[in-house]
Amino acid sequence: MAVTDRVKQILSWYSSENPGTLTNLVRLLNHGALAGTGKLVILPVDQGFEHGPVRSFAPNPESYDPDYFYQLAIDSGCNAYAAPLGSLEQPAAKFAGQVPLILKVNNSDTLAKVEPCSAITSSVEDALRIGACAIGYTIYPGSALRNQQYQDLREITLEAKRKGLVVVVWAYPRGTGMSKQGETAIDVTAYAATISAQLGAHIIKVKPPTAFIEQEEAKKVIEKYQIPVSTLTERIRYVVQSCFNGKRIVIFSGGEAKSTESVLGDIKELAAGGAFGSIMGRNAFQRSRTDALKLLADVMTVYKNA
Amino acid sequence: MAVTDRVKQILSWYSSENPGTLTNLVRLLNHGALAGTGKLVILPVDQGFEHGPVRSFAPNPESYDPDYFYQLAIDSGCNAYAAPLGSLEQPAAKFAGQVPLILKVNNSDTLAKVEPCSAITSSVEDALRIGACAIGYTIYPGSALRNQQYQDLREITLEAKRKGLVVVVWAYPRGTGMSKQGETAIDVTAYAATISAQLGAHIIKVKPPTAFIEQEEAKKVIEKYQIPVSTLTERIRYVVQSCFNGKRIVIFSGGEAKSTESVLGDIKELAAGGAFGSIMGRNAFQRSRTDALKLLADVMTVYKNA
Amino acid sequence: MAVTDRVKQILSWYSSENPGTLTNLVRLLNHGALAGTGKLVILPVDQGFEHGPVRSFAPNPESYDPDYFYQLAIDSGCNAYAAPLGSLEQPAAKFAGQVPLILKVNNSDTLAKVEPCSAITSSVEDALRIGACAIGYTIYPGSALRNQQYQDLREITLEAKRKGLVVVVWAYPRGTGMSKQGETAIDVTAYAATISAQLGAHIIKVKPPTAFIEQEEAKKVIEKYQIPVSTLTERIRYVVQSCFNGKRIVIFSGGEAKSTESVLGDIKELAAGGAFGSIMGRNAFQRSRTDALKLLADVMTVYKNA
Amino acid sequence: MAVTDRVKQILSWYSSENPGTLTNLVRLLNHGALAGTGKLVILPVDQGFEHGPVRSFAPNPESYDPDYFYQLAIDSGCNAYAAPLGSLEQPAAKFAGQVPLILKVNNSDTLAKVEPCSAITSSVEDALRIGACAIGYTIYPGSALRNQQYQDLREITLEAKRKGLVVVVWAYPRGTGMSKQGETAIDVTAYAATISAQLGAHIIKVKPPTAFIEQEEAKKVIEKYQIPVSTLTERIRYVVQSCFNGKRIVIFSGGEAKSTESVLGDIKELAAGGAFGSIMGRNAFQRSRTDALKLLADVMTVYKNA
Amino acid sequence: MAVTDRVKQILSWYSSENPGTLTNLVRLLNHGALAGTGKLVILPVDQGFEHGPVRSFAPNPESYDPDYFYQLAIDSGCNAYAAPLGSLEQPAAKFAGQVPLILKVNNSDTLAKVEPCSAITSSVEDALRIGACAIGYTIYPGSALRNQQYQDLREITLEAKRKGLVVVVWAYPRGTGMSKQGETAIDVTAYAATISAQLGAHIIKVKPPTAFIEQEEAKKVIEKYQIPVSTLTERIRYVVQSCFNGKRIVIFSGGEAKSTESVLGDIKELAAGGAFGSIMGRNAFQRSRTDALKLLADVMTVYKNA
């Protein structure tokens, strides 16, 4: 399809990247129900690795099958499907070319209780081999091991950019550096998104932040300058602004599975705040296929009308 | 767009390739006016390098500008645009994601009169950097230097396949090993196409063969088994059969610019013989843009109805 | 299946090779109708590349399809199927694990009339990628370019052995260094086989030699010591002796397609002379499938009873 | 512009460096309002990464946009603009060649409370790719992890010098090895600057030291030899002397945003003490653009008249 | 200095390059008397290597000293100085940062009379080490060895672009493929310039072409389309058009030393035809310094007023 003015505007923010990376950005932005709008809804499934199969797939046993996610992403018109190597690779030949792929190159399990740090579980070479448009990488700002994560990301990013791939960073603040509540605090979320942009991410994924403020110094500034962070819409706007004044694609996760009403309520606020889209895992695949398709369609409609 | 049954059938012939290569095959097969039909019309422009600018672009001065070919390929709905590094790279950022690219990684000029052998002028790394789906490579079976060409191709092919790219081989028999007439002989053309397939090509491009037979031994066999090669349609059928019994995509060039009627007449025979498509350079870009768009549309219609 | 005493004896001659290469030798020796006998019948198909499709496949049009050779090798109980990259790779995923593969890594076409030298058309890396047990390589002793061929073989052999593959050398004397008749002379054939062994080949393939003697010095010695070379059986015995006194597997080709009777007559002499087996291309695949299966079964019976 | 005698004198201290590094030193010294004076005012913006977006950019919301810093550095006539990869890269193509860049290759966030150690977040390769003249690196003398930092710096420095880049070291004493007050103690500051010079830094950046003395042994010596450290000017002189007797460029930071009067008062003392310049982040960009331009102009005037 | 609108327009043609290369392009375009005009006058001195010292430097003995060329390039306000490694490196530290450098990475001597092919005499690594902005490379289209030259250039270009350097190609048609007169024929010159652009050159340097036409096929086309090539101005316009319709910087050499009047007459025609500038070696340095400065100033004035 043609490249819309909005997509061209987004590409103009990435003018330091080579044409290969721009091409893969277009592939993500020009696929599915939101093609051309500059908005993205992405289906991510790393829960098998991150939470184990019981917690992840038991609510919807069809989802044990890797085909299920490909088919769901294709049929729902998601812009892309993101997963660890195994899930992507197993049916990759079968679904080749039907939906843009994001290879999640690091992953963390929950069998060891240690300072958060994902293992690097696949590579740029794997991404090319299976035909992915992008690599995905999780950082845990707040972890005592964050530096190793940033350094590994730097190397992967350099290679990915040279090979024309897009770099998507999942920024999940956690670790000994912060309180549990702080992990989704507005100041911390905006900070984590900024770090991702500084590390060279093309697309940044964070959780929708709460109004809680973790850092004392941030609190003072927010109060002094009366930065509006009381509604989710305001907070989303602030996070997007924190990423090069909106010149990076910032998308938001849905978090734990919850009611349709609640999900759509959140999405409306995200869209109103200027979010570039959503990445919906459990809320999509832990519903029945019919319900998931309905929900994703509704979510896409919200973004299309934003 | 969805992958049609015909495209799935074609992909089934490439089941030894990795999903990245399959993905790029789909990108070629699912783009443009012939998307999903399993047919391809490709715009190739290496004449600037191969014949010099005067002979190539003077007939249509707009074509001096690299933008022109991108726009022509996009507007006409070609499946892909193929060219040497310089032409592809100059406006690659501007047109990122709008048409699949084939990077022609070797090229030959006509300033030195030597045994035919192209220079390697770009690389798999370049292809990834500018966002190409495929690399293109010319071999000259019949040249005393053919072995070097085959060996270089082998290395490039191995890397291209590892990185998920498609390999397109242009097979042009010529050199001290054969007569001028033999360069387009049916036996030689089929032989060159077979060599390309054996070397691992995913897509093979040859010239439409004449009824002339170059090799005495081939002549005897063709006569003994009464292989029908008197019409172009029959010869095309034979060339396609020679490529793994039709399990490789074989496309045909148009050659020198000629009358519209003559071009379309040829295309009808190609299509009737089972050609997977055409690669049309001079016949496209040495016409005015309006005429080129009209001709390409007519050519695509022939293939669509085949 | 278990490893027989005869196979163990053969393996004992290769005790300097690493276990990976021994394992692949066992795969070749323990497959098919001759499994465990220490004898081999191999189906080789490089004629598409070497002679062109018309001469190779027209006599049996089913053979245009790469599936055909796999199926013939499997159904006839051949120990292995040998071919260039393209033919092996196209249906490799479909037939994975059903018959041992020998990847012919160099090949020569007959479109250029130059000093004989094959192009390297695939690699050890390719062999591993498609699951082959062995690589095959042709040398042309007598060619002015033989040294380049020996040097390339040396590098490929080193890599193949390091990666645990078997090295099969096709030794075809020809070139400016000898007369046409000399190409199959007994002294030349034995000499070429010795060169192959010296270059590190695990399996050596030559043509059944004639009683002609090419080199004057060889003639004198053969006469002086009354080496018996008047029957094919005697000549085979001499060639096998020339390869480390029989401690290398030496197999023989059939040459051009000919009558069943003639083929079987030759095979009986080969077997009587101690040949380790035959490599039968055109005599197998230029017959109808039914005839080919019958012939291959008869050939195997001869070797089984030898 | 021509190279002044003062710049030539400075270059003479770096005669062991290769011409590429000298060239980039000239690019820094010959750019902007202070070009040719041997003085430097640099705009550094790593606060987004180091302190988070709220604390950094909320005081001047225009500064969320990476364009803002480039434009401020250009319009104010700063010698260079220093930042982490993301901020530098995003608009790098747009501002190419308009202001010398220093790529800050390591960075530390304040979300984890651990022993101070920055993560390496970009590379010499990145610096070349985006057209930077220099790389910047922070060390934390006093940190239990300082050795790792020194070792990483050593490797980066070796590569940077080989590729003709300038190495700027930010030396911030902190960590379990010292008191809070000691971080800016005169003895510690001079010591940290010396370590930087010893590690091969071309330009050293420290904080203006206080009169506090951290180490007992240092105190004794300062008293014994009556080293004057009571005024800021004296302390600056001492730090500069500590860096190869003034044969390394030493510049000073401004620290937290404060009043214009206070900033200029400090700068006068710095200039009087022989500082080669200032690196002004928050005091520049947390003012309005108009105020920032005015302040930077005043600061440059002080240095020009020094 | 600021980047003018004209320079910005030129940069827009290179949007697929990374910011490092754009930065070095600006360094070339923003230096010297023609800074900001989009025009370039470059001093090249490879005659010592190419023609030997006697022929090169005897007319002006001061020019034996490598300092001489640096000083001439600086004092005359040339945009850059181009030379082989030795000349550039010897005084590089002394003149660091005073004039942009182009490292000529291949060179040919005239001691052996063989098919023209330059030796690669320095590297991208050398260019970075001595602080050059660009590498220069000569190709000889028409040489039987041209393919090797193109292939070497491809590798050097890929590395240069990755490291942020500019690639300047000197295209000198010569060799067994063409007549002596053909070396500067209009068709051949335009062809050689096109090849350079296709190979990825950022700046292309050819000789001013004559009205002679070498290739019969080109002659027919030039006549058929009545392409005006009778005046130098017309021919320059045609060569510039042949380089991506003017979207590549094309500069012209002066050739052998001749009268001032003759040089300036040529330059006026070059400028009128849209040349981006001149590269003047012998006409500059084989005059006395005073005369050379005068001539270069006059040449620059012509370009400034064009």
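Here the chain labels run A, B, C, D and E in written order, and each chain numbers its own residues starting at 1.
Simple rule for what comes next: a residue touches a chain if its C-beta (ideal position, glycine included) is under 8 Å from a C-beta of that chain, and two chains touch if they have at least 3 such contacts.
None of these values were measured; they are calculated from a predicted model.
Asker: Where the contacts of subunit B and subunit E overlap, which chains show up?
Answerer: Both-contact set = A.
Asker: Measuring between mean CA coordinates, which chain is farthest from subunit C?
Answerer: Chain centre farthest from subunit C's centre: D.
Asker: Report the inter-chain centroid distance for subunit A and subunit B in whole angstrom, where each centroid is the mean of the CA atoms.
Answerer: That gives a centre separation of 40 Å.
Asker: From the mean C-alpha coordinate of subunit A to that of subunit E, what's the distance rounded to whole Å?
Answerer: Distance between chain centres: 49 Å.
Asker: Taking each chain's centre as its mean C-alpha position, how far apart are subunit C and subunit E in Å?
Answerer: Here subunit C and subunit E have centroids separated by 57 Å.
Asker: Please list all residues of subunit E that touch 2 or more other chains.
Answerer: Residues 15-16, 18-19, 162 of subunit E touch two or more partner chains.
Asker: Can the chain contact pattern be summarised as a line, a ring, a star, a complete graph, or none of these (other)?
Answerer: Contact pattern: none of line, ring, star or complete.
Asker: Which two-chain combinations qualify as touching?
Answerer: In this structure, the chains touch in these pairs: A-B, A-D, A-E, B-C, B-E, D-E.
Asker: Show which residues of subunit D lie in contact with subunit E when the two form their complex.
Answerer: 2-3, 11, 15, 18-27, 30, 74, 89, 92-93, 96-98, 125, 128-132, 162-164
Asker: Touching subunit C in the complex: which residues of subunit B?
Answerer: Subunit B residues touching subunit C: 13-16, 141-144, 146-151, 154-155, 158, 173, 175-178, 187-188, 190-195, 197-201, 215, 217-218, 221-222, 224-225, 227, 241-242, 244-245, 247-248.
Asker: Taking the complex as given, what residues does subunit A use to touch subunit E?
Answerer: 15-16, 18-19, 162
Asker: Flag every residue of subunit C that touches subunit B in the complex, lowest number first.
Answerer: Touching subunit B: residues 48-49, 51-55, 57-59, 61, 64-66, 84-87, 89-94, 107-114, 117-123, 125-126, 130 of subunit C.
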